[in-house]
Amino acid sequence: MKEAARALVMGGGVSGLKAAMDLARAGCSVFLAEKQAVPAGLLLGLDRQFPSNHCGLCRVLPPDPSGRTWQACMRRGFGHPGIEFFPGFEVQDIQGSPGNMSATLIRQTLMVDSDKCNACMQCVEVCPVHMPDLFSTGQIPVKAISRAAPHRPPHHLAISLEACTLCGRCRDACREGAIDLDAAREEKVLDNLDFAVLASGVEYCLPEVYNLYQSAAHADVITTLDFEALLSSAGTDIMRPSDGRPVRRAAWVQCAGSRSLKLEADHCSGICCMISLKQASLAREKDIQCSIFYMDMRTSGRDWQKYLDRAREKGVELIRCRPHSIEQVPEEQILRIPHAPSPGNQQDRDFDLVVLSVGRDPAWKPPEYAGREGVFTSPGSRRVLDIARSIIAASATAATALGEDRQESLPDQEAKDQDQVHSRVLVVGAGPAGLSAALTLAAGNIPVVLVEQKDHLGGHGLSNISPEQRKEVQDLAARAMEHKLVQVYPSAAVISCTGPAGGFKSRIRDSSGDEKEILHGAAVLATGGRAAPVARQEDRTADIFEYSRRIFAAGNSGEAPESVIFILCHNTRQEPANYCSRVCCSLALKSCLQTLSLRPEAEVTVFYRDIMVQGDDEELYTRARSEGVRFIPYSPDAPPSLEAKDGKIRVKGSDPYLSEESEYEAEQLVLAPGVVPAAGSEMARIFNVHSSAEGFLCEADAKYRPVESGRAGIFICGLARNPVPFKEAVLEGRAAAMSALGLLKQGLDSRLQTFVRVKPALCSLCGLCLEACPFKARYAHEETGAMAVDPLACRGCGACVAVCPNKASAWSEQLEENVHELN
Amino acid sequence: MHNFSLIETRGDAGKAVSMLLARLLEQNMVQAVIVPAAVPPSVLPMTRLLNNPADLDQTSPLAPVAGVSAATQAAKISRGPQEIKIAAVLRPCEIRALVELHKLNQAQLDNLLVIGLECPGRLENQDYIDLQDQNQDLDQRFYRDEDLQSRIAITCRSCIDFLPENAHLNICVLGLDLDQQAGIAWDEGPGADAARALELKPGQEPGERGRAVDSLRSQRESAREEVMSRSRETISSSSGLQSMIAHCLGCFNCQRACPVCFCRECVCSREAFEQNLEMLHTRAGRTGGIRLPAGMTMFHLTRLAHMAHACVGCGQCSSVCPIHIPVADIFRTVAAATQKELDYKAGRSPEEPIPHLNFSTEGDQ
Amino acid sequence: MNSTEVLSHTDLSGPGGGGNPAQICLGCGTCASACPMTGIEGFDPRRIVRLGQLGRFEELGESSLAWLCTMCGRCQEGCPMDVRITDMIREARDLGGEKTVPQAIGKGIEMFMETGNNLGLPDEDFGFIVEDVAEELTEEPGFEDFVLPVDKEDARLLFTLHNKLVNTQNEDLKHWWKILHAAGESWTLPGSRWEGVNWGFFSGQDQVLKAGVDTIVGNMERLRSRGLMYPE
Amino acid sequence: MFDLLVEYISTQRIRLDRDRIKKKAVYHDPCNYGRKSEALFGHGYFHEPRWILNQCLEHWTDMQPNRARQYCCGGGGGLMLTPYEEQRKYYSRRKIEQIKNSRAELVVVPCHSCHGHIRAMLDAQGPASIEVKYLWEVVAEALVMD
Amino acid sequence: MNTGISRPEEAGTDNSRHKELDVLALVCNWCTYTAADLAGVTRLHYPAQVRLIRFMCTGMIDMRYILSCFLDGADGVFIGGCHPGDCHYLTGNLKARVRIKGIRPVLESVGIPPQRLRLEWIGASEGKKLQEDLTSFARVIEQLGPSDYKGMNLV
């Protein structure tokens, strides 16, 4: 194994930062190129994020218990000892093969020398080039030379070379000589790179380019990105761009620039629904009347459907209709949207502001070098992802890059337990997520104990309808069985886990009742999920998983029913299982298409609430429609009613387009009841982590630490954490492994320094500190009962110190003097 | 409490109760008993741990005195081995303190059979010793002699929480002629188990008791209102507060006597030893120099800040103050305001969480 | 614009020409938001598309729904799935059969098939009307030498007329004549089969549409005109 | 037709006087020449009539919305010939609103059908004082005869 | 505390009475202090009598710090933390809130009116809110005048 791989990360947004930090933590020399002057990308413009509606810019950088705190609010900048950061540079080309790659970086943003600059702003004054602000799509124009980021001091100026004409007026105006335009042509070449990670994200759709809703003609038709900027700068009111009057009524129009064959944009950007819901919810707090025009509300995340319900409770109005146009009522400064919320019912609605919910630019393509050998592209650079999924994808991509880089090296046989930190990791569950986690860890020379309840590995991955994905799982299972560092316990279960991170003690019990104690430094919980049960009236009813397996197993020669009715969201996406399971819609669409390919004359009807496909899966939906599948929307208040009669299934439902109640008959009924976690609550109890009401394991931070549980050293992934499709389960497994690997690496490496200590002579064992610690870094020692601090979990907030009445909980000696100055 | 039974006292109620306790030991309902007992040469009954039924006739469960709050000791001893179950005879304020200590992980309520004592008040220790000299059967006389009752500790005179709560078994004295009968009350659970072991038969509770309780309460309420309003008035300015605590010697007696102040060592007493001399010099340079030991105002305010929510109103702090600072009056006044604000009552229920640990996201600033 | 061009762009075989068939409809409501008729008697383009998906054109043609549409094309212009909604309406009108064609249109078509214009106006009367207007025009300053070029051969432009100009709004004939005169254009007005309005387009009857086109092509051939001015 | 007018004007075969028509005008895009022409032939006549108008008069404006997104007058598709008068009125409400919102005194249309229908609707429900003229009528009025 | 006690530039108020009053603002490092940074960057001034003291988290503000401030002569104590849910340490701000709720009646009982202690949630991007809140708090303190404990030299 090479001492330190040299890795290039392209893109300094949330994905790039995460990948870079993970690689740095794994010991790589990391180079990070970001074309803007400041890192964090779009995130810097998002003051509040769904589903918490909170800010998380201080959580982007990882906690560092060693006390070398480089973590900070991203608004204050970025520095990391293991990462060489190239702000203002974009990778133009990559040459060579893995292990010996070279990358050419060219300047995209030129920074003004902040040591010389005295913030006189003369340069900005004289700059003739106006351009859209980085954090909006044009409503707030800035100059080609402007402040590097809204939160940066005025002497941190940057020049966007995309817009700059190099006219030299700013340089001439600067009396301090802080502007060096010659550096605009600066190029850097990075040699001897082992691999590169592409995490530069996607380009957003600019409505003007596609003339969406004639937005260029209306100053008050803006995009969701613009709205973030308005929200960020808003006080009590949000002011509209045209005349600065407070906005009282605002509309969001979904799918601007997507879900359209005319725009050659047959895709869904996946997060715009949530962004609009968030913006509308926040606008409601400012007493703005909010309406969202949508087709399908794609709340496809564990907590997203509940978020939608909350938004509705707050008074956000959802109107299921795609508007044709936005009309300006002259002189009144009103934007009018004629729409037809239900068939035959047309209404006008007036707004002060209309927000177009934009996603990926339909014409956007990843850079040409994205496909080269040695360049690992984060899924976040193929489609739009929310923060949590970006982080998972980035981590997983870093893990993959690292794993492949290390393939040639021999496993480090000497990985052994040191001091209090055991290097072993316990992985519970051997489905796609668990297997991916185990193999990622093993590739990082971490010994793994893999516990699986069944007598074979693979979990639900083995019954995947895609032969490629089945093969992938079989390969993973075979590799896990063979790997020297992976110790597999089939037909076994974990029954207890005690101790702090780095020093867990777990008992596993096999099918014969034998128990064994395992010492491990971290654990990855990947216990998966299963189909929610359906009440079966008779055998002509199948759940979507059964049905899809059946007709796909038949290959192209099999039998498909002559008529089939699908009912999606059957008893799900409502209490008590109020979440989207994310897999059913695309499985249903694939099954529809397979049914028709087996039996072209088959009559296929789908009752749905919202079709939840994302990214390019939208094409599946389009194909299903064009091949004649009939889609009938229903509301959860009036689900279609079922009846079995004469060997046929009868479904009564109303077709809203015809405004008539109809009876549909079919040979086969397919229900999609969603998925439920298999062992969530049980795992939560054993490992002392939180689980949701539905039994999903909960993460420490839904946005920035998605695969970490609230207890340090316990990581969660896959269906046990949230409903995910196969590919994402694999990514989550890798990401969880990457986090575990980083934690152990850090624990093994460092002279651990804690922020706080306990003075046993003063301690009354009252346990207030146990309650106060938000990170479960406090624990009562198993034998002595004395209060102890888990250095891998403690993050130095001081809650334990503050809550302790006689300061038996104290700051560490190094910190004490400083902290107690006031006392 | 739902069940009530009268027991014959034959002129010595204390003895009658002692016999019941002895019987609990004999029946192995408990393996030890905590009860006040004065063992010669002492005349002042102090908390005593006993496990031999024969020793019980030396005890004074009804003595109108509490040398120190028994809660501290009951709490400590309850944290012993689980197989040893202990009956503890406690005053209402002591039970409340015990409940608070339980929340702070200082007591194991599961190990205790709590026997509550209806409390007309306690005499100050010195008063008890003095009166003991004058009255042979002080413990028994106290309950029928209104003059003796009027000499109870100052804090007790305005105490309205004189009925035990959260006990398994109550010893009832109010509205009864203790020379004839005392009452025992209990609810389902451990109390009922004990009552069965004691072969107590549920009977009618004399109506007189209700009237006695009401009359005592109304008398105490008006006394309390008077004390509190006076105290509120006094401490509501810096000079008023200073007038009360200026004489503080810094002995920390109040903190040590406080049954809910659970710290092994008070942060303030430690600081009194670890004075920052440089800081003292700086401050001394300001108007009027600086009083040493420094930090006495901080000490009292710290105790208020830390414990006002948990103050059970036992008055031990006032009782032990060598220069008679009405510490308990200050505390009860602040505690009333604090507990009202936090919608909390010290000792009300073992299940009620400590308000400072309620990190709910609801509500505003 | 000329007739041959028109024909080459219109697929007379019904829905499915350049856009997409009804099946692909997303049910998004863009059409219904766009259509000024949405709401009248339950009219909604989504409904029409749904009926189209289900092959229930007859039902549509038989109701008044198909006739409430002005075929303005707003729905189709906005449709993100490019469903050929107006074409479907045309087809529905045709399938509804002659009995559903509104009387005025039906009558006009009948007249046209008989006489070559929707009014059923004899050629002599037409000639009389236009000559009369032309004479009036010569009374206006600048147009004293205006001569109406009826059935002039080898003209650059053949002019058809909207029947309403011949019928009631004769005054409005003059505007173009003035312009043409001022421009010194070589043009002609057919003395018969001058109808420029093709109601077959509305009724969905392709044979009528075709007859209309044939009339014009016939005139152009007869008068050897090089171009066509067509009011609709 | 537009092409012909543009040809006449741009090659100066006819000359126009922009000062004759004083009224504030508003232009209506007929479906057939605009949106539908664009869809069928790949070219909508949006720019040409506006250019022509510019040559004919000083003050004119667009309706909101306009061009490909404009509203039909309600008389197209043969609807004018049908007995559905109430429905047509309903249909035209948007057009009438647009006209009113434009504050124009003159509506210019290049279509017989639209001309007839807008006239009828203005008489029926709108301010009947608003004039409706053909585009070529405007051209004819602006004609300068030597 | 370990971090700079910063006096902002003179804020254009020349009321000399201000100088006698001391307002301490105990703010969280992550949100409110960032907001103060932002306020600085965007040249939003807050009143001169306010001294900003940075804590890693409002959850580490012991009740005794607040008592110390008042006994030490502060006329007002302002605590600025993250919005609920925004806390870098998850619930530190909520801990501060419940402590403040608990100590207010103590302070009030001993003659420190509750208005002298204020808790505000100020997010990292809310430089403007920081300015507004500090200004309005300073105005309240100005109306209340010097604290009863000022100059008592109690510790």
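Here the chain labels run A, B, C, D and E in written order, and each chain numbers its own residues starting at 1.
Convention: a residue touches a chain if its C-beta (ideal position, glycine included) is under 8 Å from a C-beta of that chain, and two chains touch if they have at least 3 such contacts.
Predicted, not measured: the structure shown is a model, and the values here were computed from it.
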item	value
Touching chain B and also chain E, the following chains	A
Farthest chain (mean CA position) relative to chain B	C
Chain nearest the global centroid, as defined over all protein CA atoms shown	A
Chain centre separation in whole Å, for chain E relative to chain A (CA means)	36
Inter-centroid spacing, chain C versus chain B (mean Cα positions, whole Å)	102
Whole-Å gap between the CA centroids of chain A and chain C	56
Separation of chain C from chain D, taking each centre as the mean of its C-alpha atoms, in whole Å	17
Residues of chain D engaged with two or more neighbouring chains	69, 94
Junction residues of chain A - those touching two or more other chains	324-325, 338, 772, 803
Junction residues of chain C, two or more chains touched	34, 39, 74, 78
Chains that touch, pairwise	A-B, A-C, A-D, A-E, B-E, C-D
Residues of chain D defined as touching chain C within the complex	1, 4-5, 8, 13-14, 31-32, 35-36, 38-41, 68-79, 81-84, 87, 90-95, 111-113, 116, 134, 136-137, 139-140, 143, 145-146
For the chain A and chain D complex, residues of the former touching the latter	214, 324-325, 327-331, 338
Complex contact set, residues of chain C against chain A	20-21, 23-35, 38-39, 42-44, 46-47, 49-51, 53, 74-75, 78-82
Partner chain B, residues of chain E touching it in the complex	63-64, 67-68, 71, 84-85, 91, 94-95, 97-99, 101-106, 108-111, 118-121, 148-149, 151-155
Residues of chain D touching chain A in the complex	64-65, 69, 94, 101-103
